[in-house]
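There are structures below to look over.
Okay, so subunit A shows up in both of these, paired with subunit B first and subunit C after.
What follows is the complex of A and B.
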């Protein structure tokens, strides 16, 4: 396998030719915010729009997940334009996120909090308005609580459920603003074909999929 | 394909051609008048099928047996239904605004009698001394029909009509050329894709041809989801074979055996006519196995798309063909290197394909001589909105917007003032009066903030509010967003909320700043071109008409008097006629009553701004006006 050398944030890096820039950076300890990237997936979803970086010779910032490394590539993950796009994308996600860290069991291990810290932005957007969908929480399942209002549509749970374990309970449905992760015909998780591996909880970056025991107090206190 | 085979290809085609010619000639040999009714969707919407029936019925009553056939769209959609009568001794005459009564008269007086009914004439198809011809129209100076040349003149359901008018001869010649020669010719012609992006067609074919991997695919993109655009529909309904011939030549040049035509299912007539055309082409071995005896085989399948706007985007279209959700993916790889099922795939627009046979027939130099330095050939536009001659036009690239709107389109109706033109549909932009002398081509439009897009051209006049127009187009793209990526799914939603507030008079200066910043970010940050272009109407209206935005936010005033929340209906006391109460009864909410002096007054609390009273007030009084902001209504009246 041929290798190439490239520079990310001034750091000299050697990688296999054809490798994906995002994973090369992450594997070399250089963080680039991301939600929808899945290592084993052959084609990046490129949907969260958080992993913008600046590559020398390219006019506009590009998403790292859709770039392959090339010889002599010079990458800046902290460029102002790249970061401002990432911040905007994050801000958009958060403006439609049911933000309630104080009561969210995910708080502390939530990737959204982590990304906000990295980008130096608040979780609650000051500029944008709240655009919520107010979807019903699915607490039918004995082990899982699913709150679609906290979902950022990264698709990790779907990938884990379908491509990884061969069970296709979760999937994307609807278009545009209504796009969401749901079960076939929106049936409750409890009566879906879920085989209770609960792997999805582990991959969810947010508090959208949570183990039931942790969420009980929150749900009862809210209802 | 090979030299020793060329005589067979040529002679096989010669046979087909001579049959088609005699079939076409029969129409005219009978010595009877030939009647043509335009029954494309535009004609049908205006009642062409009733006209057709009236003609047939009247012919029967009169006992006349003359050929009647249905054709497609002539481009004069404003004057539909159109009927063309070709009578020996007269030039072929086109009649406009025909209804069943006029149709009967035309049969009685012109087909049977000898009165060409000049009062109903739109224009003759040929120059003559009797009736003004289309060539005498001011628009004729500017129009140049390459893609639309057959539209409205031939029966799209009869392949013989197409062949007799020069169709498929290019295919027979192309099969005797090498694929490389064809690609070179198309490259030299400078043809750029007509689907919006304007990428060199020859180059696209070459990349696909040279990419290893089999099988390869060729796809005709006829999704056309742009509201207000109907060029591709009209071409498929009026001259489907020109597109099919283009696709077959593409396939031969690129090395493809399987092709698709992706039409939106909402175009049932186009679907039907393409299906008939494919069947007929196959029957004559212009399509299918070993075309015209060559060793080139190619098959085309018709695919009915669900009709989502985003499915016109090539990667979403491919996903949809594969049976997946119609959502775009990141490019590169572009389809010519990795398309349908990951194989090299050429995707071309209807108009691009329809240009191909013409280029090969007339030569690359001919095509390259038309248009501007960087954009060759013609542009097809669907004229809509506040324009006298709605319909289809085809003009050389480089024609100015003013020529298209005022000379070809005959300007703005009802003596109103031109305000702006939205080009390229929801992905395009709104250009103001100062841009009217812009020569239209791919680059000039992009520079001005609009884009060629698919060719929708919506003309706006003084009564159109630019904020509302931006909101309208953004609402469309927001609704059509597939929802995959953050910027388009949520960014357009935020922008729409801001625009809605401004049209409601609830916007602030800060809103405009956020709107601008969001527009910029959605444009750079979105995954596919739907999102990347969605902000264009907002950005261009902000660029050229920021004053109107300002009026909304600082004065609560809608200068075009269009935004409902910012206007009030008011009856001018000095104009209102005491004895008249035309408006009173029409008001659905009983908001109008006479005062002591019998002057009618609107109760602003009750008024729902339905505009009925304004329509009802007799023109000689013209007493009802719209005022903005609503506070303009004199206090005593409120």
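What follows is the complex of A and C.
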């Protein structure tokens, strides 16, 4: 396999030709914010718009998850234009997030908190008006609590569910602001064909999918 | 067939009749599926054909389609809920389409929609239990000067404020009353 050498933030890196820029950076210890990228998926969704970087010779910042590494490529992950675009995307994401870290069991390991810290921005949008979806929480399942109001539509749970079940019970449905991760006919997880592997919980970057017992412990320890 | 006799059968064995209909819907769906390959890209043409035949996309039909294409049921549901052309409920006798295009939005289309919802006691995308009305929204029907517009049985009605909603429904009620009397006589 042919290799290419490139520079990311001044660091010399060798990668396989045709590799994806986001994963090359992450595998070499260089962080680029991302939510919707899935390593084994051939076509990136590129929907979260958090992974903007600047590439020398390109007029506009580009999303790292859709870039292929090339010989002599020079990448800057800390460019002001790229970061301000990422901050804007993050704000848009958070404007409809039901933010309540104080009572959220994910707090501390939440990727949204991590990304906010990295981008030097607050979790609560300063400029955008908050627009909540107020969707019902699904606590029908014996092991999972699903709060769609904390979902960022990254698709990781859907991908994992399909990998595990082959067919899968989770998917996207509805349109526009109503778009959500759900089941066939929006039926509660408990009566869906869920196999109870609960692997979706492990890949969720936010507090949208949580193990039931953890939620309980948290609630009791606080009360 | 004697129309009277038919009514009686329906009344006595209402459930069987609906089970019969379900079986018929299933036959129709399977027949349509037979004419399509199992490639995922056939999903939308299949949905269109099934809806054209059945009037909407029942749960069982969506499940058959998913099995035929070997895709998750949620993916069929995802496509059905994405496109406005697909219905999850049987169509009513009368269709009510509330315009929420830019002009109608500015002129209070949402208030009109709320009035319809309240009067019919259903949400958008639903059908009244008596199958008289189905309610949905559209994005601009091209007669913005008449905003807020509601398209009633494909006929655009202008300046539909909540009071006009009542007026339109009253007209339908009178019509129904007159029909009922005709049959009684």
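By definition in this document, the second predicted complex is superposed on the first by the 212 of 223 C-alpha atoms of A that agree within 3 Å, B and C clash if a C-alpha of one lies under 4 Å from a C-alpha of the other, contacts with A are read in each partner's own complex, and residues count from 1 in each chain.
The definition used in the following text is that contacts are C-beta pairs under 8 Å (C-beta built on N, C-alpha and C of every residue); 3 or more make two chains touch, one makes a residue touch a chain.
Everything numeric in this text was worked out from a predicted model, so none of it was measured.
Trainee: Which of the two partners, first being subunit B and second being subunit C, lies in contact with A:162: first, second, both, or neither?
Mentor: Second partner only.
Trainee: Classify the contacts of A:182 with the two partner chains as first (subunit B alone), second (subunit C alone), both, or neither.
Mentor: In the superposed model, A:182 contacts subunit C only, not subunit B.
Trainee: Scan A:105 for contacts with subunit B and subunit C and give back first, second, both or neither.
Mentor: Touch partners of A:105: none, neither subunit B nor subunit C.
Trainee: I'd like to know which partner A:48 touches here: subunit B for first, subunit C for second, both or neither.
Mentor: A:48 sits against subunit B, while subunit C stays out of touch.
Trainee: When the two structures are overlaid on chain A, which partner does A:172 contact: first (subunit B), second (subunit C), both, or neither?
Mentor: both
Trainee: Examine A:61 and indicate which partner it touches, taking first as subunit B and second as subunit C; both and neither are also allowed.
Mentor: Touch status of A:61: first partner only.
Trainee: After lining up the shared chain so the two structures overlap, which partner does A:88 touch, if you call subunit B first and subunit C second: first, second, both or neither?
Mentor: The first partner, subunit B, only.
Trainee: In this superposition, which partner touches a larger number of subunit A residues, subunit B or subunit C?
Mentor: B
Trainee: Which subunit A residues are contacted by subunit C in one complex and by subunit B in the other?
Mentor: Of subunit A, residues 172, 174-175 contact subunit B in one complex and subunit C in the other.
Trainee: Can you name the residues of subunit C that touch subunit A in the complex?
Mentor: Touch residues, subunit C against subunit A: 59, 62-63, 70-78, 81-82.
Trainee: Touching residues of subunit B toward subunit A in the complex: what are they?
Mentor: 308, 325, 329-330, 478-487, 489-491, 493-494, 497, 514, 517-518, 521, 524-527
Trainee: Spell out the residues on subunit A that touch subunit B in their complex, using ranges where they run on.
Mentor: Listed in rising order, the residues of subunit A that touch subunit B are 43-50, 52, 60-61, 63, 66, 84-85, 88-89, 92-93, 95-96, 127-129, 131, 153, 172, 174-179.
Trainee: Which residues of subunit A touch subunit C once you look at their complex with the stated criterion?
Mentor: 162, 167-175, 182-185
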